[in-house]
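Each chain gets a letter, A, B and C, in the order it is written, and its residues are counted from 1.
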Amino acid sequence: MAETTTAPRVRRRPAVARHAGRIALGVPVTAILLFLAAPLVVLAVSSLNPTASLEFPPQGVSLRWYASVLSSPDWSVSFRLSGLLVLMVVATTTVLGTLAAYGLTRGTFPGRRLVEGVALAPLMVPEIIIALGLLYYFQGLGLLNSVPGLWLAHSLVALPFAVRTIMISAARLDPALERAAATLGAGPVRVFLTVTLPLLRPGILAGAVFAAVTSLGEVAVSVLISGANTTTVPVRVFSAVKFELDPSVAAVSTLLMLASVVVMVVVDRLTRLTEAV
Amino acid sequence: MSEPNSEHIVVASLTTAYGGTRVLDVDRMAIRRGQFLSILGPSGCGKTTLLHALAGFVEPDGGSITIDGHDVTAVPPHHRGLGMVFQNYALFPHMSVADNVAYGLRARRTPRPERERRVAEALDLVGLADYARRRPRQLSGGQQQRVAVARALATRPAVLLLDEPLSNLDAQLRREMRVDLRALQQRLGITMVFVTHDQEEAMSLSDRIVVLNGGRIEQEGSPQEIYSAPVSRFVAEFVGAANVIEGVGTADGVDVDGILVRTGLDEEPTGPVSLALRPERVRVSEGEEPLGADGRGGVHGEVAHRAFLGDGWETRVRVGEALALSARTDTEPPPLGARVTAHWDAASVIALRDAGGA
Amino acid sequence: MAAVRGRLSGVGFVLPAVVFLVLVFLVPLVRVLSLSLHPVDGAGNPLPEFSLVQYQRVFSETFFSQALVRSFQTSFLVTALCLALGYPVAYALSRVRTGVLRTLMFVIVLSPLLTSVVVRSYGWVVLLSANGAVNRLLVGTGITDQPLPLLTSYTAVVISVTHVLLPFAIIPLTTALGGIDPHLRRASQSLGAGAVRTFTRVTLPLSLPGVAAACMVVFPLAMGIYITPLLVGGANQPLAGLRVYSQITSVYDYPVAAALSLTLLVLTLVCVAAMGAGFRFWERRHDG
């Protein structure tokens, strides 16, 4: 082992070659990101079209479609319904999801894997089957064209997201903390309320955001089980796309996008606030 | 019933197994009131399992645990009234130091003025009175450990269980905290059960040590007893370093694979023999001195390794293919390769019980 | 076996969710199954006797069988495109660890997920319509004289579905690539490997679990998607999800819709299982 076998390469590569890697990555990635953003940006911009057409780029800027949508009685009913559903769905999915996620992570009962599979299964099943299933099922139960029906359907679609997100938080929870609480004399209920839940809060809030956003945008199942009295915003957009061709639909779409962003930001602020306290 | 020095905790015939392998098999372990007992052993020996069984987190397959005469084997952890300090402290990250310490008192619904007084008292005890408002993540490791102790003591438990609480601290801090912990224990008169793999720690802290190996108690006694009279090779080598001489006893000495080692005892033992010698009792002299003087054992060999350790010299004397002896001396040993005599007093020879290849 | 106490069995915790899922998910699925096993009379009402005639129809009538095949092909194509487009973005995200650029990239990748699929599909309708941006560009630069009927083309469907599902691919890919120890890259370079070799020999193999996860998320979604093809391509396309929808809403033939949708489900599950097995086999071969 007397000689070294590799001498360092002394020539410095030209600047272009050194940056070639970054360019080779940066250009396609920028293009793909533009591709991702394009339809949404186009919609938002088209909603500002002063004329009743969707030509792009628009010939001016006008908020008339927003005004018309916000003052329209039909759209207002849909906005209220979607808003109500979000609250209801977040409530059910966070409660069911938190309990299930904790039980799946910490539990030792047989068949845990199976239950986990069932909890996440709605994600694997094509939405059209869930839609058909609920349509047929609700027909018999009189839940078609009803708020409770929509609430159940949205909760079903949103639950797997909540469970998955909260399970990540639960997996990070140090079991020693719960044991320490027990040695200090806290019974299982007190431990859960004072130690477990507060520490699961980030996951629960993230799960709540997913549930809210999912419910706000749910259309594939809702289309088949809603009716004239229970048209959520996405369902109304769906019908409007097929029949109406003015920018009011674009305006509603942009509002829907903004609503989701607001939900995310609000919850994010809450999370940071509670972490700082 | 509660006289000092009475048996506080008794573990009897305790067995646990995980997936078919026996993890604990303790015939009897008794801890006296006010005693500092260390459970010492290598990783995997079952010491943490034993502590968790005392705490109530592990339900044993057989046997019983009695505290103050009451059988608590079936009692869940939150009703046992013991305090526990965890290896990684397990401080509640979402609560302040004061709220952490108050947790047990809140669980007992202690009224507020009393609760606040006891929290202040506990924090005072560990010297962290000014840190009440801080969060655990703002504290250093040593401070977190002290909060963990304060939290466990706030409820005034009769027993404190400690699961290697000093392992995550650096050496200097560990030595300091050892002293503080012992002082605290003696001041409060509380019974402490301390689990560790560090034999120096166990010896400096404890009234009594239980050495655990493979789930069984290998030896139990005071630090002096364990050190100067280990019963087995395992204990001799685990607690302090040891030279172990195994062979067959003859009239002239112990035959270790053809080499004769004079033990220096009045009567050389016969039959299979297992002896231990502490390195600090072995002296090294230059040249091959005559062996066989009364009361002195010895053997000839060659210096195979020598190192200066700051507080002394460590020398390894190779006696033959099968035997090498370690010596710790104040004075500088002969150079590498020199022929030397390793010798000791007869009183330094420790007889181990596992003669015969145990 | 020593029981670990203070550890709940957990049954009580999962029970509410399990009851919910049984009632709202499993029972309807079972009823769809039973629905698919009935023939219909002339008016489309299910008859009481059991038969497999609906499944026979699904496999023998090209109207349905072709749709299944097409869905299968389209899903494969879309999955491949999502991987091809998503991998570079995920790779870029794993290299840009902090800063405004990373936040911006995340916002662009995640915001489609925040918006309803109907909004995203509508965005493509607007983009690809006769006086939409794409046609304006084509006519304006003289590539074509007349606006092209981009909507109702298969290409438009593939592009829009890829767009909708792309974030679902990017997320697991980013997680996998982000989880690769950054020291490995440096280790590879210190051993003399250039950027390309480091990528093909170190990064790519280690990101394979992410690729597998992305496939197993995107493929089932592509198989079942119907809103986007409906809005962008029209209701008459040979895609299984769409055919189920039109059988329900135009023809009112629920049993055949049930049979078709269950066949779709089984086909999807078989493909996903095959993918999973394939990836595991590949991993084991390379673990040596």
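Assume contacts are C-beta pairs under 8 Å (C-beta built on N, C-alpha and C of every residue); 3 or more make two chains touch, one makes a residue touch a chain.
Keep in mind that this is a model prediction, so the values were computed, not measured.
Engineer: Looking at every pair of chains, which two share the most C-beta contact pairs?
Structural biologist: Chains A-C share more contact pairs than any other pair.
Engineer: Measuring from the mean of all protein Cα atoms shown, which chain centre lies nearest?
Structural biologist: A
Engineer: Farthest from subunit B by Cα centre, which chain is it? Let me know.
Structural biologist: C
Engineer: With centres defined as the mean C-alpha position, give me the subunit A-subunit B separation in Å.
Structural biologist: Centre-to-centre distance between subunit A and subunit B: 55 Å.
Engineer: Just give me the whole-number Å value for how far the CA centre of subunit B lies from that of subunit C.
Structural biologist: Each chain's C-alpha centroid was found; their separation is 59 Å.
Engineer: So what's the Cα centroid distance for subunit A and subunit C, whole Å?
Structural biologist: So the centre of subunit A lies 16 Å away from the centre of subunit C.
Engineer: Touching two or more other chains, which residues of subunit A qualify?
Structural biologist: 179, 182, 188, in rising order.
Engineer: For subunit C, give me the residues that contact two or more of the other chains.
Structural biologist: 4, 6
Engineer: At which residue positions does subunit B touch at least two other chains?
Structural biologist: 56-57, 76-78
Engineer: Provide the residue numbers of subunit B that touch subunit A in the complex, in ascending order.
Structural biologist: Against subunit A, subunit B makes touches at 55-57, 76-84, 86, 88, 90-94, 103-104, 107-108, 151-152, 155, 161.
Engineer: Within the complex, which stretch of subunit A touches subunit C?
Structural biologist: 6, 21, 25-26, 28-29, 32-33, 35-40, 42-43, 46, 53-57, 95-97, 99-100, 102-104, 106-109, 112, 115, 118-119, 121-130, 132-137, 152-153, 155-156, 159, 163, 178-179, 182, 188, 213, 216-220, 223-224, 234, 237-238, 241-242, 249-250, 253, 256-257, 260-261, 264
Engineer: Given the complex with subunit A, which residues does subunit C contribute to the contact?
Structural biologist: On the subunit C side, the touching residues are 4, 6-14, 16-18, 20-21, 24-29, 31-32, 35, 85-86, 88-89, 91-92, 95, 105, 108-109, 111-127, 129, 131-133, 136, 160, 163, 166-167, 192, 195, 220, 223-227, 231, 241, 244-245, 248-249, 254, 257-258, 261-262, 264-265, 268-269, 272.
Engineer: Please name which positions on subunit A make contact with subunit B in the complex.
Structural biologist: Within the complex, subunit A touches subunit B at residues 174, 176-177, 179-188, 190-191, 194-195, 198-199.
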